[in-house]
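Quick one: this structure, given as structure tokens, is what I'll be asking you about.
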């Protein structure tokens, strides 16, 4: 019975690793400038964790195989090196692994969070709410009109609570339900939520950031490939959470300009 | 002694029958009563109704080759104003107000829009909520707090059966929304007695109006309410028309 | 010494009436069994909920016959609504975390065996102990009652993030009455666990019998002690948090609800509250809670393994120190749940390092367990199988921690099924394997009968393989970016993953059904199982020195045990058996457990 | 194996631990880490228990404190208000109650020790402590009324919310302490009161006192 267990454990370990090695299930291909850092970090961690995983399981399996159901006469032996050896081993192995991962991790993290957006980054505002994202472009004047929460009304599609009669800045603001951005142009995303906690997750862009009620959060990224990608919510926000999504269209500068014109006429 | 009982019994029977006749009589007459009809016009140019971007839920967008537009102001070619609810706000005898149409009001969710966008209904009239879309909707009416009506918020997965409900008291008007599709928005106007909802030509009809003088009220989600007196004589239908001014 | 137990005995003599004996009993053994029964009811409930969820995830809009009987509005025409899915999910999480993973390994086993293992007649405060159970039971009833009120239980998930949990019914179905019931239930639960922890700590510190120095405590006792310290501090923080949440909900205060929130086109009256405040308070409890669930498992598994390896662990103390280190670190790392929650990115890094460091004590534990297997005389039986399974699962669940500990990778994996797979393996399935190991190991002592070994092994094999079939794929889903807490997968990039979800569903259903073998074994053996010898596993710790199985009311039948040895004197050369019991005055020289 | 169980049974009759501990076969093994003496003169479990309980209470109020600090920093809507004047009076009352309780404890100890004084003397101080405790709780209630007069209700502002929550939480714990005093008084009247019980009750009471001083300063700085 012990030997069967040993085999089972080792088999399970190897089988579990197969889909990872074969890349059977992978995240959408990365289309961002910073994404490769995260992917490399992921790959590196996958290797180290994978080795730890297989080593642990196989060692466990081997010892179970060797020492289960031994003859009653057998004498108890101690693992060479004893506990101290193992403890020191653990500190060395995991310690170095931790340091390595930690240091590299900081690099990727700071790339995303500690660098300010470039001066020419395009400001786009995103508002999360049950259960949709809406986006606002400042229009020709480059200014976002002020938001009046008491004016927000989805029935009349005044989604941002703009007062276009009194705020000149809001007159030319463009509100859209899908997000379009020019390719290879840094985007400075200004995030706020109108009701609850939500999250802005674009797997293809390797970005995820929560909307925090009462806080204005911001995020900046650059898309490197044109195409249509999905923005989804990852923060449980109510019954429609699963269907809280929007499309992100990455276009050439020209297409983007015409798209923006088109949207302007729909206001 | 005995005969006394007998006569008492007969008397009682007579009274019951008479009452019965009376009450049914009201119905019979009411049914025969005239109606109030008319048209509702919008003066000036209707505001621009922006198209709705349904890209969030492709199953919705697919159903609209040309994007659907908002329905806050819907006018016909002849300048008729649709989605106006006309009802009797004063002067209706309790007996007539008590009549509840047996025909249920159907509130359909089709193409991720509410059909109708504005529904009039009688207090206690059966309201049937239908989901004809290949997607899940949640129906979320928001009556006034403490107004006698209690709000609810129910999801209707695709293919799940219609459900029936009704409103307990008058309310003009209860906004209805779908949170999963934030653009879905409509109104339920709950009144006592006859009511009519104008179509795109602006015409409306109130049936079963007993003779008398009443105050008619016309309600529109954007342009508010207008009232006017109308007198209904036995036999011939009265007419009333309203004109709203575009802001 | 004589003072403490003496006044315990004087505090309650053996009861005679049925009520005092089985219902409102002061006997730690009965209370332990009551906790176990509660956990059993809870785990069955939670399992059924997970079945419904899995069915719905595999086949959305599947008609589940009779589901409308559970909730007419939640399942019109037997089709589950989105809100009902989330409500089931929330209840599954809450029931499992609080009423199974906290009660069974800690409150149930701890209550029964901690006093016996330290050589005491009972806990020092039996009345608190009794209250602790009945308060917990009340909490369970309050939580379950939310199924039957208003539009059902809360849908805000077991983490109950504000403001979703704090703004009331406007946020969705179940956020009215159901939400208040949830918060009340958890607040009540905290009281129960605080009373329990108070007893556990005092028992360990003050009720140890003569010669039972701290280092002579079995590892299971150590685990319960460390857990109770965590419980005392963690639940003392969660309780006020829940009360503030209730106030936000019913009294209109603004602890957690920010200004200018617009729900359903209506401006909310609250102002200025902080969402992060709730997350900080919750996770300050929430992360230790993970260890509250798993550390008792570690202790029990070590205890069971040692008896079946016929040797002590390579180092008794290193295991104790590691468990202690886990407990301490667990308070410093909770922030890793909030990497993308808008917390200052610097504090994300600050939380990242301790989180990576916490893998060191975990690794040490695993290495000591595996290293101790070397050169042992491993006996394979249901108990040891589950103990070994625990180690395998703990490794599998542990390594995924490497990923989630790093903010940069967490950007991709946060709130995906990778996280779900991680914590299910490491804190749920592993902990439950610990419970099984303990059950098969201690059943003879608790009932005086043996469990059916064959059924036990069948149960193990199907559960072990099943657990991997269910939870390994979760990691693949997460890597593919599959977001958790979705009732259906409408996103284009997720549609392709639905077949994998169906595989998981089937595996979950089978593995679930298998658990009824265990249930049958438990009940049948309880009445019909073969009589058990006093010490069926030839184990050394004090619970096997009681004069009978189950132990008499005062555990040692009036005898005053004195402890002469370290807890695990196995593999003794020259002894008549290969082991010497803790309370045996026999002189021996070999103490394998180096200090 | 049976032998290992039975043999100590007859040796280990209650009461003769000391002899066994210091002698014979077991003697060499029992005090393996010389821990036995401390085992012998250990104070009753309850005195440990009370410290554990007080730790939990401290954690709860620490959580409330940090919540207060975070919430105040989270937004600009924090509105200061003048503490109800009665709080100063309450503070003195609670301090006084600690002193009277301490007096009672001393009297009781010496009375038990058969030195001067009588249990009755201790009892009267105890009654006084109880009354002072009641006055304190009543005083807190007055404080709430005074706050309402300022127009500060529970939901008016986070500052008032925290004031009500913290004072109420503390008042509840004081009520618990009063319950303990009732028990002590009862036992004393039945003359079944053990000195340790009174010690534990007073330890809890003094802790409530110190806790209040801390909370009072906290509120004084923050409100």
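Note that the chains take the letters A, B, C and D in the order they are written out, and that residue 1 is the start of every chain.
The rule is short, and it goes like this: contacts are C-beta pairs under 8 Å (C-beta built on N, C-alpha and C of every residue); 3 or more make two chains touch, one makes a residue touch a chain.
The model shown is predicted, which means the values in this text are computed figures rather than measured ones.
Participant: When contacts are scored as defined above, which chain pair ends up with more C-beta pairs, B-C or A-C?
Facilitator: Pair with the higher count of C-beta contacts: A-C.
Participant: Return the chain whose centre of C-alpha atoms lies at maximal distance from the corresponding centre of chain D.
Facilitator: Between chain D and the rest, the longest centre separation is with B.
Participant: Any idea how many Å lie between the Cα centroids of chain B and chain C?
Facilitator: Distance between chain centres, rounded to whole Å: 56 Å.
Participant: Could you put a whole-Å number on the gap between the CA centroids of chain B and chain D?
Facilitator: Measuring from centre to centre gives 66 Å for this pair.
Participant: Quick one: report the Å distance separating chain A from chain D, using the average Cα coordinate of each chain.
Facilitator: 49
Participant: Roughly how many whole angstrom separate the Cα centroids of chain A and chain C?
Facilitator: 30
Participant: Going by the contact rule already set, what residues in chain B reach two or more other chains?
Facilitator: In chain B, 57, 136, 138, 155, 175, 177, 179-180 touch at least two other chains.
Participant: Can you tell me which residues of chain C touch two or more of the remaining chains?
Facilitator: Within chain C, residues 81-83, 172-173, 258-259, 265, 272-274, 276, 488, 490 contact more than one other chain.
Participant: Which positions in chain D touch two or more other chains at once?
Facilitator: Those would be 74-75.
Participant: Which chains touch, pair by pair?
Facilitator: Contacting pairs: A-B, A-C, B-C, C-D.
Participant: Inside the complex, what are the residues of chain D that reach chain C?
Facilitator: Where chain D meets chain C, its residues are 1-2, 4-5, 7-9, 11-15, 17, 20-21, 25-26, 28-33, 35-36, 39-40, 42, 44-46, 48-49, 52-53, 55-57, 59-60, 62-64, 66-67, 70-71, 74-78, 154-155, 158, 161, 165, 169.
Participant: Which stretch or stretches of chain B touch chain A in the complex?
Facilitator: 50-57, 70, 72, 135-136, 138, 155, 175, 177, 179-183, 185, 221
Participant: For a test of understanding, state which residues of chain C touch chain D in their complex under the given definition.
Facilitator: Contact set of chain C toward chain D: 1-4, 7-8, 124-125, 194, 197-198, 201-203, 205-208, 210-211, 213-216, 232-233, 236-237, 239-241, 243-244, 247, 251-255, 258-259, 271-274, 276-277, 280-281, 284, 534-535, 538, 545, 547, 559-566, 577, 580-581, 583-587.
Participant: Give every residue of chain A touching chain B within the complex, in rising order.
Facilitator: My answer: residues 129-133, 154-157, 159, 176-178, 238-240, 243, 245-247, 266-267.
Participant: Can you name the residues of chain C that touch chain B in the complex?
Facilitator: Against chain B, the touching part of chain C is residues 61, 73, 76-77, 79-84, 151, 169, 172-173, 264-266, 488, 490.
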